[in-house]
Amino acid sequence: MRVAILGASGYTGLELLRIVLRHPRLEPVVVTSEQRAGQPVGEAFPQLRGLAALRFESLDPDKIASRVDAAFSCLHAGTAAKAVAVLRKAGVPVVDLSADFRFRDPAVYAAWYGEHQAPELFGQAVYGIPELHRAELAGASFAAAAGCHATAALLALVPFLRADLAGPGPVIVDSKTGVSGAGRSLEDRYLFAELDGNVQAYKVAAHRHAPEIEQEASRAAGRAIGVTLVPQLLPVIRGIAASVYLQPATPLGADAAHAVLAEAWRDEPFVRVLPPGQAPSLQAVRGSNFCDVSAFVDERHGTLVVLAALDNLVKGASGQMVQCLNRMLGFDEREGLLEAPLAP
Amino acid sequence: MRVAILGASGYTGLELLRIVLRHPRLEPVVVTSEQRAGQPVGEAFPQLRGLAALRFESLDPDKIASRVDAAFSCLHAGTAAKAVAVLRKAGVPVVDLSADFRFRDPAVYAAWYGEHQAPELFGQAVYGIPELHRAELAGASFAAAAGCHATAALLALVPFLRADLAGPGPVIVDSKTGVSGAGRSLEDRYLFAELDGNVQAYKVAAHRHAPEIEQEASRAAGRAIGVTLVPQLLPVIRGIAASVYLQPATPLGADAAHAVLAEAWRDEPFVRVLPPGQAPSLQAVRGSNFCDVSAFVDERHGTLVVLAALDNLVKGASGQMVQCLNRMLGFDEREGLLEAPLAP
Amino acid sequence: MRVAILGASGYTGLELLRIVLRHPRLEPVVVTSEQRAGQPVGEAFPQLRGLAALRFESLDPDKIASRVDAAFSCLHAGTAAKAVAVLRKAGVPVVDLSADFRFRDPAVYAAWYGEHQAPELFGQAVYGIPELHRAELAGASFAAAAGCHATAALLALVPFLRADLAGPGPVIVDSKTGVSGAGRSLEDRYLFAELDGNVQAYKVAAHRHAPEIEQEASRAAGRAIGVTLVPQLLPVIRGIAASVYLQPATPLGADAAHAVLAEAWRDEPFVRVLPPGQAPSLQAVRGSNFCDVSAFVDERHGTLVVLAALDNLVKGASGQMVQCLNRMLGFDEREGLLEAPLAP
Amino acid sequence: MRVAILGASGYTGLELLRIVLRHPRLEPVVVTSEQRAGQPVGEAFPQLRGLAALRFESLDPDKIASRVDAAFSCLHAGTAAKAVAVLRKAGVPVVDLSADFRFRDPAVYAAWYGEHQAPELFGQAVYGIPELHRAELAGASFAAAAGCHATAALLALVPFLRADLAGPGPVIVDSKTGVSGAGRSLEDRYLFAELDGNVQAYKVAAHRHAPEIEQEASRAAGRAIGVTLVPQLLPVIRGIAASVYLQPATPLGADAAHAVLAEAWRDEPFVRVLPPGQAPSLQAVRGSNFCDVSAFVDERHGTLVVLAALDNLVKGASGQMVQCLNRMLGFDEREGLLEAPLAP
């Protein structure tokens, strides 16, 4: 299968290329980048020297449509909608990483992102977390891969919501993130001199992944679930380490909490439920498509603490996109993705 | 004033020495270390070369008592109790950093730490956070400096408890910590190769600073306050970044939340309340005795989020010890401590 | 091919497992570890959870010999010699990572490492850098993979020595290394709190990789070459960044220097000669078997500066071992190794 | 003494402010910044909140001259020359950190920096390393503080040159630097995601500090000394770790080498000669004005290896500027500077 990667020179695009290059059934034939158009991939990014005989090209969705069997879009919200619309109209299966097609309610999208650039396609994509929407993804031709904070939070939270174990208050998600989630943005706070040895919360209770988590959490719960999302920027390149706090409706023991997770994710190749008492770590998932989760209960006060760790560029972005496409095309979901993490 | 530092070769002991060396009224005359006994300070620790003409000596509290006007103890729980008891019996003013004298209820101490090694002194020390117990510290001769997680959590939390704004559920403290809080412990997880690029929760809802936070939070609230404390080990040398989550009893706006903090800490030299919307960062307090705090409200769900950042070796340990002693001895609390943070 | 990994719970052993798991022709069937004997691999090391249904076992070379078709040894010098001797006597092809079989002159080995534990095998192995000894490795059944400092230095240096371009003075190798090269050693200087933000030279002009570099450099030059090796410990997990300085016998231009490297490594899959003016970086090789090299000339003073970067756990250890075995067994050398680096 | 800091919002300017705030004889009264003009210092940089009641202002040298007793300039080359010229004409003592006044030969300046913006002042300043030019600095009113790479290299090298111990070949300086040396520059390579876990040489044998080192090395040697300078960017915020390699004219033992350093720097408060065999580290000088040095000899090949470590923002920039001014004004050189390093 020939695939295109739109927006291939950003961190998620390059990560997709890394994965697609080892995928036995996918061949990258188009990689777009406005800044790097014309440059051989290995010249622009020395890590890829000798690995791919490709040149970046400008984005021209009309011309790309006929050259590929499927497309990944790592374009930003807004830009993505327009390009994806062209490809979808031409019948190309698409996995999009922007927020443009993740929502079901246009009012929610408008409130957080503004006017939609392809309203005719709004709501057409499957929300791209295979562990939540595997049936819908099978045979689908359009998926909107979930955000990195959302993936970690939902894989920790959904089993408890499906089991109707949450109390009435909002769920708290303290979501620590590596800086690659911000892309290659040239801002002071992403400089090594500013970030090393540092940690700082940002967009406190005001991050655009919150409504996405709420949408999917509410679907899982069958009722409206509120989420207070507090992202924290870590001096780490890759990773989301989410701590999810909820007060159960009725007391829950640690063993029962573990059982809920273990049962929910028993057959999943990429969600690893850790033994009771063992907390996930970013190192154990680095560079891989795994999401490790575990559950703890504060025996004294009843608080349920569910921890999740994943690599934001893999399971939180590009790996998940490939997993979605594998499912959409009927491949084994693990194709190209079952690699051991890079540890240490 | 001649001072002793017991347990001076650990990270908190060395940090005390760094501070005491620049303190205009304190002179370090005794530094103890079992491992380094006999070695000149500057040979054992090259950063101190040329700064202190002192040798480490073995701990002998009886002999030390007559040589100093005050003592800091950075000994571990248990060992601390015995040494402190000797010094106190001899009338030496002491600031202790162990947990041995932080508690008021012997049963709580016993449940978390086991048998006490100096029960006759139990409950005699003032809990060492000057911002909470300034009046008691004045003229006192015995203080038990607070733990690093506890200091950050309490400086964020207490103003809201004193104002009776907390709802009935437990308070959640997601407390990210630099690795120096663990001292120079030789364990795999503290190795650079294991910790860099990593983050991992530990002692989830089971950390020994939780009961200490509960004791002081409950005193501030005038009722029992439960705390779910989840420490997270960061790839950072210094710092505590605590995120405190509570559901207010009645809705609270962001401005009102800010005003609570601003009012409570208005005259404090070392607690800086940041402007609304600005989150504290570890870099802005690195190497200093400041604790920066700010408050946020999730307008959609009502959650109150209070953030605090401090340097665990300074305001979370050695700086606080000096601040306590300054107060006990009637010095200006800022003596030796009002240094600009090391940023970047 | 069934393979054993002796000493599989250290960093190089685990990295071998990571590589062998994705190798299409190798199957790990024996992994030894004295400390972890009996434990499932995925329990002992959470990054491997779900990837390998193997248990660590104690080292018993006699019993292992009949169960495998080839063996990798990551044991320490001394221990390695004894185990490897058993396996070799039983006819098992072995790639060893210790220094025990890298030398040709017993006196040199004795001077740097002491008494040899299997003198009958001394000098039997091919020195394991395929780029230098490809012909000898073909069909060989015993290789001694080179050290990490040595691999970087030699891939930078050998082309110039073979072209007889070096002057008479010693070659200087300033070799910056990530901490994983020290293994999981519990020493103060490897702690995150000691190493982060730090850099420090060690074993200055006294490191045991120096004689190994000299041996191979001298073979390439056809005369004795002296090497002053100064290793520097970096706050980095993976990588060797070697700066090699030599004064050419006759002046050499930058283009000519580049041409020497380009010509020497033209057909190598894993040595990438960067364009003139572009310095190698650790990030561009992280997690991969590549060694990137480039040459610079100080036009004002004539100094030739050759830079090399590799991942010490891959091209500097485990990847190189697999590359050697691929060659020994007649596989394509790239099997299991041609993966894109993890960047960022 | 009232002082101005020109260019006070960059890293070196802020570091100057940090030092001046604790200096008993200096009071900062003017801080300039074009980007931050009008902002209170503590609002623009939260680490300074509560420490300085100052506002940044636009640079207007004419008006500043009458308001201060001395000035520090952290402006860039070119801009610095013009502002400094105004202040010097008005009789204000100045310590400048740019390269504009470090050189003695206009042709060398022109070759590396282009046209000079204040040629009438060229060559008027004392080169600002007190350890090299103490006599000239006494009573001087104009100093050009040395660059960070230059300070480390020269404090390692000069004692051997003065003792006429260097052979005829060029000196090699492999100079590893923390990223704060680049200031708050928004370039990809300074991003945390690009630099963490990375190391990369830059401006290989083409860095503008090389001619400055050569000028001062040649003065010390009494003959022309060539220097091959290879800077290496480290994943570290602060520090220069220079490795200086030279081939002595005649063989030199390790003890003799140590004695050369020890004798040369015996009375220096800020240059610490480490015991034989102990290598300097960045951690042991972090945040301080110390430069630690030590000498090693490769007994097998004769190479002399001199290592130096300093904090590029302190002894490599702002601390050195204060040390220069202290000397110029007749203060104790240690005033405001004798602080213990921040370790860990």
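Per-chain residue numbering starts at 1, and chain names A, B, C and D are given in the order in which the chains are listed.
Heads up, the rule we're going with is that a residue touches a chain if its C-beta (ideal position, glycine included) is under 8 Å from a C-beta of that chain, and two chains touch if they have at least 3 such contacts.
All of these numbers come straight from a predicted model, not from anything done at the bench.
Over half of the residue-numbered contact pairs at A-D are shared with one candidate from B-C, C-D or A-B, namely B-C. By number of C-beta pairs in contact, A-C leads when A-C and B-C are compared. With centres defined as mean CA coordinates, chain B is found 38 Å away from chain A. Each chain gets a centre from the mean of its Cα atoms; for chain A and chain C, those two points are 36 Å apart. The distance from the centre of chain B to the centre of chain C, each centre being the mean of the chain's C-alpha atoms, comes to 46 Å. For chain A, residues that reach two or more other chains under the stated contact definition are 11, 178, 180, 193-194, 196-197, 235-238, 280-281, 283, 286, 344.
Only residues 169-170, 172, 174, 176, 178, 193-194, 197-202, 204-205, 226-228, 230, 232, 234-239, 241, 243, 245, 247, 279-283, 286, 296-303, 305, 307, 344 of chain D touch chain C when the two sit together in their complex.
For chain A in complex with chain D, the touching residues are 11, 178-180, 184, 186-188, 190-197, 235-237. Chain C makes touch with chain A in their complex at residues 11, 14, 17-18, 21-22, 43, 45-51, 180, 196-197, 237-238, 269, 272, 274-275, 278, 280-281, 283-288, 290, 292, 338-344.
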